[in-house]
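Both of the next two complexes hold subunit A, though its partner changes from subunit B to subunit C.
Right after this comes the complex of A and B.
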C-alpha cells in the first residue's frame, strides 16, 4: 500500500508529516530566539564557508582562468586563448601516454597495497600477541617524507652502486641487474614498487583498526559451519570492514590520479617522458616550459577525472555505513 | 544587530584571507641593505666563498647584503613568483640565456643597466655583453665564462699507456682500452636530462666548428642535417659499445662525478665549473681536453654561465649597482680566479695568480674564447628556447635508451627549433 492510497486522516500521520510537524515548536519560538539561532548558525558555518571559498572556490576559479589564457608565468596580461589549451590537451599524444601511466598507477598502486595490506592486517589481527613491533615496522614507511623515500630508493636502484643490483649479483642473479630507473620499460614499475612499499603500512594500520570491530562470534559461527579462511575473509570479515576498506580505497585511488612527488623525485618523468603521469607532465609544461596556462588545463583534467570517482566511493561508503553493514 | 553580524563575518573573512596571503608586503626600506638571491651552489664550500665575498663587500662599502639561497632547480619558479609579487630580491644570480634573463626582460622585470655600463665603464667582453643585451638594453653582468669538455684521469691514462686523444678515432681506441680494463670509459649521467645537451654540444661543436654551430643556433642551418645526425650517432654508438656509464639515464650528475672521483670512470664529460670540485675530490692527476673531432683535437664549447641582475622594482638601485660594480673590479676578478676557480667575463691579469695546472689550462683556453683568437663551439642549451632544450634533453635520453634513432631525434630538434 502506498502513501497516496491512504485516507487523508491516515496520511496526515505518515512519518513525513510527523517530521514536518516536529518543526512546530521552533517556528513558534519568540523572534529573539530565532534571530539568536540564525546568528549562531551563521557564525558556526562561517569558518567552513570561508575555508571552502579560500581553499576550493578561489583556486578553482583561478585555475579556470589560467586554463583559458596563454600565461608564461611572467607576463601580467596574458592573452585570452579560449578553449585552445583544452583542444591542445585532447590532441597531445603525450597526454594520452601520461594518462595510460596514470591508469597503470591507479590499478597496481591501488590493488597491491589493498591486497597486501588486507592480508597482513588479518594476519596480525589473528595473532594473539607480539604484533606491536610489526605494526610499527609496517607503518614506518608511511610516516617518512616522500622526498626522502624517493631519494633513498633512487640510491637503492642506482645501476652502478645501488644495493639492489649488488644483491642480485651476490646471489647469482647478476643478469637481472639493470638500470631500473633508466629503462623506459621498467622505470614506472620500479617507482610503483617504491610507492606500494610506502603506502601499504597505512592500509595495514587502518584496516587493523577496523578489524577490531569485527564480530568474532560471526567468524566463529562461520568456522563451525565449515567455512575455510578465504571464505571467512570474503563473506564474513570483509563485509564488516567494507566502509573502512572503501575509505582506504578512495584515498589510494584518488592518489593514483594526482601522483606526482615520488615520480618527480625518482625519475622526473623520464627517461624521455617514459614515466610521465598527468601530474608530472603538467608540472613540466607549467614550470619547465613556462606554459602555466596549458599546465593548469592538465591539472584540471586530474580534478575532472578524480572527483567523480571520489564522490562515488564516498557515497557508497556512506550508504554501507548507514545500512549498518560495516565496522 | 544584523549590521554587527555582517561586519563580524566580514572581519573573519578578511582575517582569514590575510592569514592565507601573508598580509601586505612589508619591504625593507634601509637603503644600505640589499637582498641577494642565488641558486644553491654544487658544493657547500662554494657557498662559504660567496658569504666570504659578501662580508668583504659589506666591510668595503657599508652596504649589508642579505643572502637568500634556493635550490637551483626551483630558482626559476621562486624568482618569477617573487619578481611578479613586487617582493623580489634587489639583486639575483640567474642564467643569461634568452629563455631565462631574456624572458624576464621581455616581461619588464629587469632593471636597465645601460646607463650604469656607460657611467662605470664596465670592462666586460663584447661577446659577453651581447648575451645580456635584450631589446637593445643591457640588463645584467655576466658572472663567468664556462667551457664544456672532457676531464680525464691522466694517471690512469698513463698506467694504461694511453696518450691524450688527438682525433675521435684515438678517443674510441682509448675508450676500448679503458673498457677492456674494467673501468668505465665515460662517467656519463643523464638522469636529469640536461647533460644530454652538453654531450651533443661538445660532439657537434668539435665536428662542425664554431661557425657552423652558430648557423644552427641562428636558424640558418637545419637541425636534422646529416652533421647533427652524425653527432647523435656518435653518442648512440658510444653507448652501444658500453663506453658510457651503464644505464646512463638512471645515473645522476652527482653519482657520475663520484664515479670519476673514485677512479671507477676515466673521463668526465662536463664543464669547467666542476674543476674546483674535481681538484678537491681526486688524488690523481687530471687533464682537460675538448671532445676530439674526426681529424683534429676538436674545440671546446664555450659560453657564459650565470649573471647578476637587478630587479626593476628595487627601491635600492644605487646600492645594487654598487654591488655589481664591486663584482667587476680587478681585485674581485683575481679573487674569483684564485678562490672560486671561475673565469671572469672581463680581462684580469693572471700573471701573479697562483692556480693549479688544471685550472691554468682552463684559464688559457677560456682566454682564447674571450679574446676571439681561438675557435670555440657553443653550449647549445644556454642559447636556445625551453621547448628546443626539452626536445634535445628528451631526445638524447631516448637515444641512450633505444627509444629513438639519431635521425628521429634530429627531426624532433628541427621540429622544436
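Right after this comes the complex of A and C.
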C-alpha cells in the first residue's frame, strides 16, 4: 500500500528541478561560503548516499546480473545463460496469464477507486456540515496493514459462514453464494474488491483537497445556465481538478504493476495460479522454487513496464499543471 | 501544509480574494437563503458508506470480544458474549506480545533514522550546492521509480553474505533505506520553500553553515519532519515484505508477518487470530485518530508535491 504509493510520489517530482536553475542562491555566494557549503553538504548527504548505494544501487546491479545466470541460491558460481531467462519469460504461458491479471488489476483497480472516489468526494464537498468524521472514516482503511485487511476480508468471503454469502441468502440471492476466494473465475475480482475498498479513501481525501480550489461561482453559473449535475461534474468541476486527478491516476496505476501484498495474503496467487500477477509469480519462482535468476528476470519486467507509464503520466500531469489549473 | 503545492494554491486563492469578497459572500448567503433544504439524504448515504467502510474493523473487534465457544459456533456473527480469552490467547500462546515488541524495535529506530538522514540530505539538496549534487539527487530519487520487487531477490543474498539476514539490524537498515528516497525528496521540497533571506541574514551575522542549518533552518522544518515521521512510521509499521523476506527465522518477527504466519496452518483459530489482528491495527488506528491531520497532510503533500 504505502510502497505502492511511493513511486508515483517520486514521479511527481520534476517541476522543482526547473525552478532551481534560475533562482539558485549559489551564484552570488563568495568562494569561502561555497567551500563551506560544499564541505557541510558532503557530510550531510553522506548517510543517504551510502545507504542508497549499499541497499539500492548494489542489489539493482545484482538484479541485472541474476537475470543472465541460472542461479539456485546456493551455487556460488552460477552458470551464465545469456538471454535464456528472458526467452523463457516470453514463452511462459503463466507469464502472459499473470500479465493479463495485472492488466485487469490495473484497469479495474484504477478506474473503480477513481470513479467512486470522485463521486464520494463531490458528495462530501457539496454537503454543508458535519463531513469531517466521514473524511477520517473513509481514509482509515488506507492506513491499515494489508495483512489485517486480507484476513478480515477472507472472513467476509468465507464460503460457509462469511457475511457476503449470508447477506446474499438474506436478500434471496442464495444461489450466488460460493467460496469467493476458491473460485478460479472470481477470486481475482474478490481480491480486487478488497483492494478497492482499501484504496478509495485515499482518492477521496486527495480529490476533496483539490476540490477546495475549485471555483464555486463557475459551478453556480453552470447550474443557472441549466447544466445538470452530471454535466457540471464533467465539464466544470473535473477540468479544474484534472492535474490532481491525473496524479492519483498515476499513483494507482503504477501501484497496479507491482501489486503483491494483498494477493499474496488472500490467495497466494491461487487457486491453481488463477490470481497470479507478475509480482506473486516472481516471488513463488524465486523463493518457493529457488529459481532466483528467473524470478529476478520477472521482477525486472515489472520495472520495465511501470517506469515508462509513470514518466508519461507525470509529463502529462505537469503539462496540465503548467496550464495553471490550480495544482 | 503551507509548504505543499496544494497549500500554496489555497493560499494564493485566499490572497487574491479580498477584492471580490463582498460580492462573493453575498452570493453565497443568497444561495444559502434560497435553498435551505436539509441534506438528510446525503447524510444517510454517507452514513451507509461509512458503515460499509468500517464494517471489517467492527468485525475484528466483535470477533475478538467473543468467548472461544461463541466463535466456534458462530465465527463471524456479531458478539453476544464478552470474554478477554481471545486477547489473552493471542498475547501469550500466539506470541503477539513478542510481535508487538519486535514491531516497535523495527519501526522506531528506522523511522528516526529516516527522518534524521532525510532531513540532512534534503537540506543539502535544497540549500547547499556543490558540484555533482544533481546526479546524486537523481540517484536517490531513482529509488522512488524502481519498484522494490526488482531488487528484493538479490537483496536477500546480499544480506545473507553480509551476515545481516535474520538480524534486527539488517531489517532496520532496509526499512530505513526504503524510506530515504521519499524522505529526502520530501524534505528537499520542504527546505526549498523556505525563504532565502533568512539564510542570507544569518550568514551576514557571521553564522557558520552548520549553525545556519541547525539554528535557523532546522526549527523551521519541524512541521515537515513531523509529517515525515508519521508517514514513515505508518509505512514501516505496516511493512510486510521486508520482515517476511529478511527475518525468516521468526525471532524478530513483527506484527505484520507474525499475523500472516499465524494464519498459516491454524486457520481455525479465528478468535485469537481476530485478537492478533486487533493488536496489529489498534496502534495504527489510535495514531491515525490522534494525528489524523498530520497523517492525511503527510500523504497529501507526499503525493501532490510537484
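The rule is simple: the second predicted complex is superposed on the first by the 264 of 327 C-alpha atoms of A that agree within 3 Å, B and C clash if a C-alpha of one lies under 4 Å from a C-alpha of the other, contacts with A are read in each partner's own complex, and residues count from 1 in each chain.
Throughout what follows, a contact is a pair of C-beta atoms (placed from the backbone, for glycine too) under 8 Å apart; a residue touches a chain by one contact, two chains touch by 3 or more.
Keep in mind that this is a model prediction, so the values were computed, not measured.
Enquirer: With both complexes overlaid on chain A, does A:157 touch subunit B (first), subunit C (second), both or neither?
Expert: first
Enquirer: If you stack the two complexes on chain A, which partner ends up touching A:303: first (subunit B), second (subunit C), both, or neither?
Expert: The second partner, subunit C, only.
Enquirer: Once the shared chain is lined up, is A:40 touching subunit B (first), subunit C (second), both, or neither of them?
Expert: Once the two structures are laid over each other on A, A:40 reaches subunit C alone.
Enquirer: Applying the touch criterion given at the start, work out whether A:287 contacts subunit B, subunit C, both or neither, answering first, second, both or neither.
Expert: both
Enquirer: After superposition on the shared chain, which partner residues are touched by A:68: those of subunit B (first), subunit C (second), both, or neither?
Expert: neither
Enquirer: Looking at A:181 after the superposition, I want to know if it touches subunit B, subunit C, both of them or none. Which is it: first, second, both, neither?
Expert: In the superposed model, A:181 contacts subunit B only, not subunit C.
Enquirer: Classify the contacts of A:51 with the two partner chains as first (subunit B alone), second (subunit C alone), both, or neither.
Expert: Both partners, subunit B and subunit C.
Enquirer: Could you figure out whether subunit B or subunit C reaches more residues of subunit A?
Expert: Comparing touch counts on subunit A for subunit B and subunit C gives C.
Enquirer: Let me test your reading of the model: by the given contact rule, A:251 touches which partner, first (subunit B), second (subunit C), both or neither?
Expert: A:251 contacts subunit C only, not subunit B.
Enquirer: Contact-wise, after the overlay, does A:123 reach subunit B, subunit C, both or neither (first, second, both, neither)?
Expert: second
Enquirer: Shared contact residues on subunit A, subunit B side and subunit C side combined as an intersection?
Expert: Correct list for subunit A: 39, 42, 47, 51, 54, 73, 158, 161, 287.
Enquirer: Report the residues of subunit C in contact with subunit A in the complex, numbered from low to high.
Expert: 5-6, 9-10, 13, 24, 27-28, 31, 39, 42-43, 45-46, 49-50, 53-57, 59-60, 63, 74-77, 117-118, 120-121, 123-125, 127-131, 133, 136, 139-155, 157-158, 173-174, 176-178, 180-182, 184-185, 188-189, 192, 196, 199-200, 203, 208-210, 213, 234-235, 237-241, 245, 255-257, 259-260, 263, 270, 273, 277, 280-281, 284-285, 288-289, 292, 295-296, 299-300, 302-306
Enquirer: Quick one: in the complex, what on subunit A touches subunit B?
Expert: By the definition above, subunit A touches subunit B via 35, 39, 42-43, 46-47, 50-51, 53-54, 72-76, 154, 157-161, 178-184, 187, 267-268, 270-274, 284, 287-290.
Enquirer: So in the complex, which bits of subunit A are touching subunit C?
Expert: So the residues of subunit A touching subunit C come out as 1-3, 5-16, 19-20, 24-26, 33-34, 36-42, 44-45, 47-49, 51-52, 54-60, 62-63, 65-66, 73, 120, 123-124, 126-128, 130-131, 133-149, 151-153, 155-156, 158, 161-163, 197, 201-202, 205-206, 209-210, 212-213, 216-217, 220, 244, 247-248, 251, 257-258, 260-261, 265, 279, 282, 286-287, 292, 295-296, 299-300, 302-303, 306-307, 310-311, 326-327.
Enquirer: Along subunit B, where are the residues that touch subunit A in the complex?
Expert: Residues in contact with subunit A: 1, 5, 8-9, 12-13, 16-17, 20, 76-77, 80, 83-84, 99, 103-104, 106-107, 109, 184, 190-193, 245-252, 255, 259, 264, 386-387, 390, 394-395, 397-398, 400-401, 403-404.
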